Each structure stands twice: as structure tokens, then as C-alpha cells.
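All chains are identified by letter, namely A, B, C, D and E, in their written order; residue positions are counted from 1 within each chain.
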Amino acid sequence: MRLIAAAIIALLIGALPARAQPKDTLTVDLPGDVATMDPQLQWDTDSYTVYRNIFDNLLTRDVSGKIVPQVATAWRYTNDTTIVFDLRSDILFHDGSRLTPDDVVFSIARITNPALKSPQLSQFDQIASAETTGPTQVTLHTKSPYPALLAQLVKLSIVPKAYVEKVGDTAFNQAVIGSGPYRLKSWQRGVQTNLEANEGYWRGKPFFKAVTFRAVPDSATRIADLRTGRADITRGLTPDDAVAMKNEKALKLSSIATERVAYLFVNALSGPTKDKRVRQAIAMAIDRDTLISALQQGYAKPTNIVLTPANFGYVADVKGWPFDPAKARALIKEAGAEGATISFITSPAYDRRLNEAVQQMLEDVGLKMTIAVMDQPTYLRRRLGTPEDAGSLSQGRWSCACQDADGVIFPLFRSGSVWSKFTNPEYDAEVDAARATLDDARRLAHYHRAFEILREEVPGIGLFQDEAIYLMRRELAFTPTANEAFFVYDMKWE
Amino acid sequence: MIGHIASRLGQALLASFGVLTIVFFIMRLSGDPTLLLVPEGASLEQINQLRHQLGFDRPLPIQFAAYLGDLARLDFGESLVQRAPVLGIVAERIPYTVALASGALLVAIGIGIPAGIVMAVARGTWLERALAGFVLAGQSLPTFWSGILLILLFGVTLGWLPTSGADGIASLIMPSLALGAVGMSTFARMTRIAVLDELSRDYVTAARARGLSRGQAVVGHVLRNAAVPVVTIAALEIGNLLAGAVIVETVFAWPGIGQLAIQSIQSRDFLVVQTVVLFVSLVYVATNLLADLLYALIDPRIRMGA
Amino acid sequence: MTPVLAIENLSLSIAGVPVVDGINLGVDAGEVMALVGESGCGKSITSAAVMRLLPGAVSQTAGDIRLAGESLSRLSERQMQAMRGRRLSMIFQEPQAALDPLSTIGTQIAESLRQSARAARPAVLHMLDEVGIADPARRIDQYPFELSGGMCQRVVIAAALIARPELLLADEPTTALDVTIQAQILDLLRTLARERGTAVLLITHDVGVVADIADRVAVMYAGRIAEAGPVHSIFAQPRHPYTQLLLASVPRLSDVPKSPLAVIPGRVPTPLEFGPGCRFASRCPRADAQCVAQTPPLRPLGDSDVACWHAA
Amino acid sequence: MTPALAIRDLHVHFPGRKRLAVRAVDGVSFEIAAGETLGLVGESGCGKSSLSNAVVGLVAATSGSIEIQGQQVVGANRAALRHMRANVQMVFQDPATSLNPRMTIGAAIAEPLLVRGLATGAALRLRVEALLEEVGLRPEHAGRMPHQFSGGQRQRVVIARALALRPALLVCDEPVSALDVSVRAQILNLLVDLQSRLKMATLFVSHDLSVVRHVCDQVAVMYLGRLVERAPAAELFATPRHPYTRALLASVPDPDPIVQRAKSRVPLSGEIPNPANPPPGCRFHTRCPIAADLCRTAEPAWRRVGGGDVACHFAT
Amino acid sequence: MRRISPGMMVVLGLLALFVAAALAAPLLSPFDPLRQSLLLRLKPPGSLLGGRTFILGTDDLGRDLLSRVLFGARVSLLVSVVAVALSFVVGTALGMVAGWYRGAVAVVIMRLVDTMLSIPAILLAVLTVAVLGPGFLNLVVVLGLTRWPRYARVAYGQTLQVAVLPYIRAAEMAGAGSTRILWRHILPNIAGPLMVVATSEFGLMILFEAGLSFLGLGIQPPAPSWGSIMAAGRQYVERAWWLTVFPGACLFGVVLCVNVTGDWLRDRLDPRAASR
């Protein structure tokens, strides 16, 4: 009780805001708090945004999206399942200890150990083993040829072996130590995370002496924070928010097309959409251009397939279904599906307006659509459950954070995948083959055929490439990237 | 008196146990968090493996027994999402919640009770009607809307108050107003009724017959008598405050347990939700016990066990 | 001699409906004047009018109330407050209800003195003793719920009389009490009134109580006074038919058991049913056309005043 | 012939504060013969209401026996009690709360007949109308709501409802004390009239001695849970033998100032003691003007004096 | 019978107007409340576009706001009425049973009441929606399930008070069974204070639905309720004020009128029904 009282007093009189000072502190408003500081546990966007600034990863992507060195300086395949990494030797953790190949091996072993119960396990479980093979060298073995390996390793943060083993997983999560440009100073759960610059960072001293990440769930409140100078940058805004902020003098908007694709899932195994003609008719009923211009206010780029140009495997020449309501209506009549009820399941996480716009478009071609909004876990349970339970249609925004078709259409449409409500042996063969080779040209050819099958069968409809919108102070220099990375190290005042 | 309190405490703990049971089973019925924890491309085997590791494939009664066993050892468990001890996660939020609830209560009581008294004493006048309109307004606007209006007015346009967050007393003002508004109207209405009720009693006429003015009679006799029903409402209102806090805390980015609870429900972080709910129910129990003690303080009949 | 209380042509109405209609009444010092009548006849509201504690809906439409010659109707509320408790005071039907359950009886008695409970303590102790409460030093700090109904009524009387008012209004002071306690309280009231020269206006429906302590009596019916005069005359020779029937309807210990009691047919008219004539006409065995058409004035007859065309 | 009501050594205790039972009725015995009216007199808190409630089964007796027409009420189960209640009905003190304000008086009177399946439809309606006439109301009143009636008329309705089942025993709990003087006379006349016509046994509970004298054949005086005196009405009022009875009689103000003021008052001081902790010996000794040392220690036996019984060491 | 004051007449009249507008929504609405025109998004009140006048403007999908507010009245009022009716029935029944039988039955029921009251209603509602799924019926069930304890408390207290009145004893003596006594004698006489609770709950239900809409779990789109229109329009408070102000004003008006009516009923029916 006395602790609580003391805490309240501290809350009321202490912790006064570090308001709009000379600003060697950057304040970031995020929609949510960090779930775990441990980079090998949660990897939701908000957590990732924060801890990615504390840790270095084995590999990273540059602004153009190319995979480039970070802890690893170079890598080479010695055979289809073995890859050797050369590592930097000049990286120090925040406690002063040196980052060694053992730390890298430890990080891989740790995240692939089921006992850690890491939600990221499935991204790394193709790795069979890792070993130190030299003073600055690590060798990885995969279970089979795994083309997406490098893309996955971009997300592998290197944690300090000695420290983690000493304090244990739980304590590490509370007080992480990394080798990145910022170190964790304090973490007020649910409120904010304070980072301070790692002055001895191997890439050079960071521009901002400190960073504060605040958790502000309501986007209207985040915008108000920006307008009053309480925060310097925020994300997670809708296109309408962006339009409203266009004329704010002190603020500027920045947006980038991401690897996130907005699509409609179409259940090919159950309900009225079991009929291919109905699926094709739905594809023709959707007016992408209006969605992009009216709802997205232009903050999106059309795509005909369920993939964005930011991903490997994107094929521009697979033509989508044109917007043709008359033909759609005819097709539905032909299928005898006039007035059939299309059940659309969704959650508050997805844009309500898009759902309703789709509803209107389907009704315009003679279908009936009911929308059922449930909370995210319930939605997932149904969407990933049996085809009968998964609804006929739903909206999706997919990003594998690997910028590779394998991370998108394989889980979405390959038979046996929990997301897939579609079976097509030819399609399965193509995506399996694309996964089994490291040859980019061959992979692309497989994906081309795979997308042609998807176009004909319509188990999903690509809508547009989503854009990430950032609102920030006019003088902040920040270049957003397709994988929505948020490196404070790369930001500065202009 | 002590026996009474002990029996109330026993019944209250029973109620808390009921709360735990209801919440436990409803949460489990609503699905487990495995699907939220796996990355988007995970296969069914991977999902099932994680579910097994987390123990959600066990029969519900066994999970419940295990939970109660842990609880009996005061082990609140570890959050699935935050991977930290639940007790710590919840405890960190409690000061914020207490601060917000106190602020809101201050608004509710500080405005509501005087307004209620004035409404009762000035019954039938324009003053009563004006106050009634003002007071009921607090109960007639969705907080998610009034909250954003407050932010735009006091935060953005006037720049008087911080738009969000929890640093210092200034940032407590707007959330307290938004949250306290609902309670304020409840208090005002109940106080009005209680005071009117007392004003109609003989002892008020008797006091006035002894030469007390209406005001003196109200201050000297009525208010104390009217306090008992008002204290009852106050105790119940604490529960409502914590419930209303869910939306207010979201709008104002106030890191209290309301926000924690809703986020934990959405992420099916069972143990956090259960601990929050347990805390709320214990607060409810405690405030009701406190109300019992207050009755005794106010009313000699209860104090002396008549 | 100026009467302590003089009610002159008092008329009261509730939301425009007349409920008390031009009554006249006087009470002298040391005298007990009983205002007797059945429920709804307007007797309680008359006493509230004297205290100027009328409920919001009731308004005084005519007449004046004088306390020792001074018109109360003309006083401001503040002046009236200064009078209440000091020059005129009141006791109530339900003694438990008339006391604030959460204040000690000492505090409540002291209020009439406009002194703090501490300063007034000796006077309060003395007064408690005077109203016959044993062990006043202990009782003074007790709460009403710790006292029996009879003791509470003694406390209420103490609070009413401590400032030695000239007039005491007693509204059904013994109705809620047991007979043995009623006898005690009536004795106490009579004794204190005599000793202190207090004028008492006793509101009651119980003719036995009237017979016990009143000096004079006014019988009220439907907002008007039917008959008024000395207790002995009225009981010995009631002249108004209502008074006659009222007295005859009371069972007495001296009656023949199970013999039919006198009955007044019908029921009391509500204020909305008041006609132009005598308000008892609809139930009166002697009523005729004149009674229905014209209001009988209150006129002297023997020792009393009677409002009946046929009284003789 | 079985008496309409026979009470033997009846105790009704309630849980009180600090584990002390409130002995509301503490060893009372009496009988009411068929067609007879017994007045039960006493001040508030003496236990007369607890006793009458126990008789009709609304509160449970702690021990002892209550027989209505030979049927035991104490310890009877729900069904037996329901059956028995056809034989005993009650008239309550306050007509304002004795009738369901949301039910027509016709429905209220019909209820006992309806729920026991004794009459339905037209027969029921006729029966209700007859009952209304029996108590001096007009049949067309059946459709009205209680608030449309005066207190006296409501009490008539309550009586009609109690008569519907033609009970052998009628319990009247202060039936006229809430009524105005002139109305009281009407109800008393009605009760006397009904008694002579229907020959019901009546337990008439009242604090008002003049009313009791007017309607009762027998009178029992109760003080602090016990009977202190029981005698035929005429005898009790002519020669009260217990000092408490005498005090009660003296306290009743006579509606004649000459009689009243000529009366010698028996000073009865003090208040009724706490029934949870009654005084030892004679319970009345704390207030009794003739109490002696004996009274403070020995409980007086119940003995026959004249035509009645009395519990006083000194009664003659 | 007291007369109704002119002020109260205005309030009751306004309430009747809202109900009438809701009932007559199909007749009064100028356009289909669900019909979108994505090109006519967020047009201000009074806009004349393509030969159509949008009196209250359009929403973020280009639907006519006036039509949506009118149809929203139907949904909002219906949700409240049904939810109040449901919780009224459940709570009153349980409260009366507890008050009538007392003893163990009362302990069990009233502990359950305490239990329900100590779970924040909105959390319980969110969880229950997750279990039952969304939809009008489920929403109403959720509201009913979470709000019944308030009625139960009042019904319990009132039943305790009424149960000792002579007319209940008379009914017992007449031979009436418990069911008859509860239904014919107790319920009609405790209905007044319960109605007062119901009126104050009515407004809360509208707000509650709005709160769930804010969390995305209220009425299912595209059907409009005042709460869901406001929750959706909240994002445009500055850019398109009309989206929140008009439904907000209606909501405010109805809740105010119902609350005033509740206070008035309370003063009229039962000045002692102070505590919930």
C-alpha cells in the first residue's frame, strides 16, 4: 500500500515531461507498448520497432530493400543446405563484452529451441544447426534447400550469450543488453520506453542522444500529440488522417509502399464461393481504382496478384480480372448464385470501410454479403479453422517481413496450410518447387505459373500494395522503407 | 460489528472466487492465444506444438485446477505475451489506475454531491433545471467522443494540458474529467434523491420549528442522514469507474489496468486478465467493506449494533 | 387581554383548492385549546400555517396569524426563524421521527437556545429533569434510538419548551404512544403549560384526550370550524350535529356493550366536492335546502360558538 | 365441544442482540369457545401481535400448542398450514397496507375462493358481490381499486376478504386503531353485527380498552409476554383485579371531561422493560404501585379469583 | 393524480418524437442509408450533389447521414429497449425470488449479484461477444447478462420491504402459493422503482452499445446505430464534424429525456427508492 502511495506521488510530482527542449531526444508515438524487449520472443510491429534499435541483426536491408551486411560481413553457400557467414569482430555489447561467433550460434540455438516457446520459431525452424567454424566465422545448416533463409535471418537479433545465460530469460527480457545504436535506459510498462545512445556504437555515434517510445493507442490522440509537439513522429495513421494533416505547417507526411499486400481471401472449399465462377465474378466486381482513390486517398498502389512488387517473386505480367460488373453479374447468374449470401468475417484490426465498400460492390452484382466483426483471436480461430467455419470472404493485409513470395502465397494457398482454403495439386507442385531451389530464375518461373493458376482459380484477390504513413515534425529527416523498418540511427534533424 | 465484517469478508471472497471462475471459463471458451502468438506463415503442426507447449490442449477443469493451485501459492504466473511475471505487470499499472480513479472520484464527488444537494434544496426552480441539464450531460455523451473533444480543445487549441500520457498532475486532468463525468451525474442524482428523501422527514420540520433555517437544517441534520445512501452509491460507483476506465484510458493513452485489461483480452493473455479482474473484484470488495465501516461512522445505530 | 395566539379568518389552499376556509381561533396564556377533527379536516395544516412551515404546495390565501398581537404573516422568513423555537414551538405526532437519528438529544434540545451544545448543557440537563427524564446526565449524550417512544416525546417537549415560548403547538402528541404513556405525557404537558403560562394549541382527533386536558375546544370539519367553546359546555351540550354525532360515536366504558354506536353516514367531502352551503349538509340528519345553499356563520350560542342553521 | 382456539403454554421467541432471545410470548394459555370473542389487551411490545401472528401461522411458535378447532398449528407443514388457514382469517390494523394497491377489491375478495378452487366464473362473482353487501358495500364496487376507497371502506373490504372462507376463527389485530373516530364506530358496529349473525369465534387484539369492552365477551390482559389477568368482560371492567389492569383502565381517557377529571389516576411510572431481559419475579413489579419484596423474587401463580383468573400475589 | 408540468410535457413529447422518427425511418429517410457513393465521401451538411441534397452531409463511405441517423435511431433504441427488457426480466425474477425465499436461495443469488457487479461490465461484454460472436441478438444478450444485477438488487430490497406488508400476509392466508404472490402481489407493487432503474439503464445501454462500437464489437456493419456512426466518425471530428455532432446530439437528447423522465417517475412513484 505504501509502495502504491509512493508510486502515485512520484507519478504526480515527478516524471515531469521533457518537453520540446533543444531536442537531442526523439519522441516517437507508437500505437502500442513493447510486449517483450527480448527480440527473440514477441515480434509484433511495436516491439520490433523498439528493440530493433537496441540490437544488431545478422543481416539487414538497405533503404532499397536489398539484403546487406550487419553483424555478418559476407556469406556464401558451400552447398544447398550449408552457408558460411563471416562476422565483424569490432562489435561490443552495451556491457562492454565483445560480440563473438558464439553469440551468433547461441542466438540461433536459442530461438530454435522449442523450450523458449518463441513465437518466431516457425521462421527459423528450417535451420538444422549452427556452429562456430573460426574466430570470425559461423556455419549454418538447413534441413533442406531454403531460399528464404537470408530473408529470415534479417530478423535474427544477436543476443549476448554470457549475459543471457547469467541472468536467465525472464530477467533478460526486463533488462536487455544488445549491441545496437541505443541501449535500454528504462521501460515504464504501458507508458513508454526510454533509450539512450550507445556512444561507442561501431557504426559511429548516433545523432539523437535519447529516444522515447510512447504507447498511445488512439490515432486521434497520436495526431494531437504531434500537433502539440509532444511527439516528433508517429505511424499507424489512416489515409484520411494523412489527408487531414496535409496542411499542418509544423508537420510533414511521409509514406512508402510496403511489402504488405491488401487482398481478399476467397474460400474455394466451402459456401457459394466453392463455385469458381462466383469467385471470378467477385474478382470482377471489385473496383480497385475507386478503392485506392476514394478510400486510400491514393496511399496505395494497385496490384493484380496477392503480392507486392517489393517481394521477390512478383510477376507484373499476370493480368488481373478487370472491373466488369456486368460480366460479373452474368457469371453469377450462370452459376445460379444470385442472391447467395457471402459471409464476410473480419476483426476490428482491419479497415472497416474497405469491408463495407466491398459489400456494396458485391451487392451491386447480385450477391448478398453479411459482415461479422469479431475480435482478433476469434477471427483468427475461424479464419484458420475448418473451411466451413472460415467464412466465404475476408480482408487480409499480409506481410511476411521477408519480402519473398514464399512467405506470402505458400502459407496462404498451399494445401495443408492453415490459412489455405484451396486445393490444387498443380499449384502445390509449383510453390513446392520454388521452395526447393536456390536458383532465383527458376523460382521466378515457378511463381509465374503459380500466379497464373491463382488468377484462374481465384482463392484470393490482390487489391493493392499498402502504404505506410508516417507523420513527423517537418525538420526530421527520415526515409521509410518497404519493410517498415524504424531505425532511429538513420534519422536526424535537418 | 466485527462478526458482521468477518461475514461480509467471507461472502465477498466467495464473490471474488465466483469472478475468477466466470472469467476463467469465459476466457477459455473464447479461444486460446496460440494463433496470435505464431507468425503468419506457421503450419498447423507448429501451431499445435506451441499450443501443447503452452498447455492449452489440456482439459479445462485440469487447467482450472492448475491455475487455482498456483494461485493458492500466490503464484500469479507469467504473461504469455510479455513473458514477465503477471503480478509485476499488473502492479505497475495500479498506481496509474488509482490516480485516475481518485481524480475521477474527485470530479464525481466534488461536483456531483454539491450539485445534488443544490438540486434537492432548490427543487422546482430554474436552478435545479439548469443543474439537471448540466449533470445529465455527463451521462449522455460517449466518452470516446467527449474525450477527443477535450483533447482538441484543451490540448491542441488552447495548449493548456498535455494531450496524452501520464506525466504529472496536468495529464491527469482531462482523463479524470472524462471518466468522472459519468459518475458525477450518478452522484448528483442519488444525492438529490437522498436529500429530498430526508427533507421530507419530520425531524427536518422539527428542526425548523426549533428555529433553524432551511440551510442550517440541511447542513446540521439532513446531509449526515443523506450520506448513507450516497456512500452506498459511492462504493458501487468505484466498480463502474474501473469499467469506464477502459475507454478513457485508451483515448488518453493512460497506462491503467483498464487499458491493460482490454489489450490482454484482445491478446488472450489469460493470466493478466484474470489477475486484473481479481484485483478489480478485490477493490470492489474492499470499497464495500469500507462503506460498511463508514456507515458505522455516520450512524450511531449501526455503530452500537442496534 | 390580547390572546397569545390569534388566528383571524385564516384561509389556506393547495394548488388553488381551498382546504382551510376562514377560521378564527384564539388561545390565551396558560390555556390548552384543542383543535379536534377527523383526518383531512385541515387541523394539521392550520398548525403548520401558524409555524409558517407550510409544505410548498400550500399557500395562505387570506387572514392573519398574531402572536401576542404581532402579525406573523407580515414577518420576513428571517424574522420568523428568530421566533420559532423561542416564542412559538411545536411538538409532533411521531416523537422518534421528529428527532434526527444521527444527533444526540442534547444537541437537538440545545438548538432552540441558539447556543452551542456545550454552553447550553446545564440548561438542557435541567430541562430534561423537568420533563421527567431520569438520569439526564447520561441521557443527554444518547441518540434517539436508545430511548423509548415516551422518552423521545419527553425530549421533543424539552426541546420545544426550553426557550420558554409563549405558544406551544402540539400536533397529535400522544397518538403514537401507549395509553399508560399517553397519560404521563398529557399530565406533563398540562403541568408545564400551567406552571409556565404557556398557551397550548393541541391538535388531536381523540376526544378522550380533549376531555382530559383541554380548557377550550374547537371542532373542525372540512376546513371550517363547526363549533367552539369551553370543554365542559361542548361535551355536556354539543350543539352542532357533527359534534353530537362525533361524541356519540365514541365507545365508552360506561356504554352497554355491543350496543350500536352512533354513525355518521357517508364520508367527509374532499375539497373538490365542497359546495356553497354547510359542508356537513350531505351527511347531516337535519340538513335542509338552506343548509345546502348557504354557509352557516359561526354564531354565539350559550358558552359556545356554533356554525349551524339549526343549532339551538 | 372443541374450542375454536386453544392455546397452551405458548412461547414465541425471536433471536435478539447478543444471543438473548426476545421472548415476545412467554408461556401463554387460553381458549376461545366457538362463537365467543376474546379481547387481548396490552401495550405495544407486550407480545400480543406476536401471539396473533402465531395463531394464524405467520410466525412460527417456539414451543407450546395452538389448536384451531382441534387442529394443531405448531409444527404443521406447509400443506397442512394452508389447509388450516381456511379456518382462520385475519383483519389487519392498517387498511392502507392490507390491500394490494394494484388489484381490484373484487379480485382481492375473490382470491381466497379462487386459489382454493372453491368458486369460479359467475358463481365467484356472485359470491364476491354477496360478501360486499355483507360488509355494507355495494356490489358494483368490485371493479374499483383500493385507492378509490376511504380507510373505513377499505377495512370493510378486508373484513369481506376474511369472511370469504367462512372461517371458524377471525383474528382482528387492532382493526380500528388506524381509523377516524366516526369511521371506527361504523366498523365496530359491523363487527358486532357480524359476530351475532355468523357466530364466529374472534380473537380481538387491541390496546384500546373501551373498544375491547364494546365488542368482547372475554378479556385477557397481557404484559411483557405473559397474561396477567383473564375474565369475562363485564367482570374485568367492573372489578379489575390485577394492578396493571387497573392502571390501564385508569389511563384510558374518558370522553367526558367531568368523568375524566374526577378520575383518580393510578400513577404508573416508568416504561415497559426489555422483553429480551424481563425482570425476575412478577414482571410488572418494576412499575407496580403495590409491589412488595415477594413480587421481586417469586413469580405469581395463575389463580382463580371471582369469575376470572389473575396472576398477582395480592389480587383479591 | 398530479398534473404533468409543461417542462415535462416537452420532454415526453421529445421522447415520443424520437420514437416516432425511429419507427417512421423508412418514410422519413430521403435515401437508402446503406447506399454508398465513394466519390461523395465526407460532404458537408446541405451539399447538393448530383441532383441530391444531403441535408446532414455524407459519411466516410458517401452515405446519406440523415438517413443513417434516422435508421440508427431504430437500432439504438431497439438495442436499448430489448437489452433493458431482458435484464429487467432476469434481474427482477432473481431479485424477487431471493427476497421472497431469503435464506440460502438469497445468499446464492445475491453473491452472484456481487460477483457480476465486481466484474467491469465492458470487459465481461467484450469477452462474451468473443464467445457468442457478434450480432444484434448476441449484443442484446450480452447487455442483458451484464446488467441484470442492478435490477436484482432493487427487486431484492423492494421485495423484502413489500413481503412484510399485510396484504402479502393476507394473500398467504388466502392460500395463495408463492408463484401467485410473486406474480400478482409483489411484482405489480415493486414495478415502480424498477421502472426507474430501467429508465436510467436505458440511456446507459445506448452508451454501452456506443462503447462496444468504439471497440469494434457493437452493431454489425453496415447497419447504422448512433454509437457506430459516432465511433466511425470520431476519426473525422475536425474534418467532418457533422458525423459525430448529429448522432451525438440525438444520443444526448434521448438519454437526457429518458433520464429526466426517470427522475420524474422516481419523484412521482417512489420518493424512497433512493439507493440502487
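To be clear about the criterion, contacts are C-beta pairs under 8 Å (C-beta built on N, C-alpha and C of every residue); 3 or more make two chains touch, one makes a residue touch a chain.
Source: prediction; values computed, not measured.
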Intersection of contact partners for subunit C and subunit E: B, D
Selected pair, greater C-beta contact count between B-E and B-C: B-E
Distance from subunit E to subunit B - Cα centre to Cα centre, in angstrom: 21
Averaged-CA centre spacing for the pair subunit E and subunit D, given as whole angstrom: 50
Rounded Å distance between subunit C and subunit D, as computed from the means of their C-alpha atoms: 31
Between subunit B and subunit A, distance of the C-alpha-averaged centres to the nearest whole Å: 37
Per-residue overlap in subunit C, given as positions that touch at least 2 other chains: none
Interface hub residues of subunit B, defined as touching at least two other chains: 30-31, 148, 152, 265, 306
Per-residue overlap in subunit E, given as positions that touch at least 2 other chains: 126, 130, 215, 234, 237-238
Residues of subunit B defined as touching subunit A within the complex: 30-33, 35-44, 46-47, 49-50, 53-54, 78, 81-85, 89, 92-96, 98-99, 102, 148, 151-152, 155-156, 159, 162-169, 172, 250-253, 255, 259-260, 263, 265-268
Footprint of subunit C on subunit D - complex, ascending: 43-44, 150, 152-153, 180-186, 188-189, 192, 195-196, 207-211, 213-216, 233-234, 237, 247-261, 265, 268-269, 271-272
Residues of subunit B defined as touching subunit E within the complex: 11-12, 14-16, 18-19, 22-23, 26-27, 29-31, 129, 132-133, 136-137, 139-145, 148-149, 152, 185, 189-190, 192-194, 196-197, 200, 229, 232-233, 236, 239-240, 242-244, 246-247, 258, 261-262, 265, 273, 277, 280-281, 284-285
Subunit B partner contacts - residues on subunit C that touch it in the complex: 51, 53, 56, 77-78, 81-86, 89-90, 92, 94, 97-103, 108, 111-112, 114, 143, 145-146, 156, 159-160
Residues of subunit A touching subunit E in the complex: 219-220, 238, 240-241, 243-244, 290-291, 294-295, 347-348, 352-353, 355-357, 359-360, 370-375, 377-378
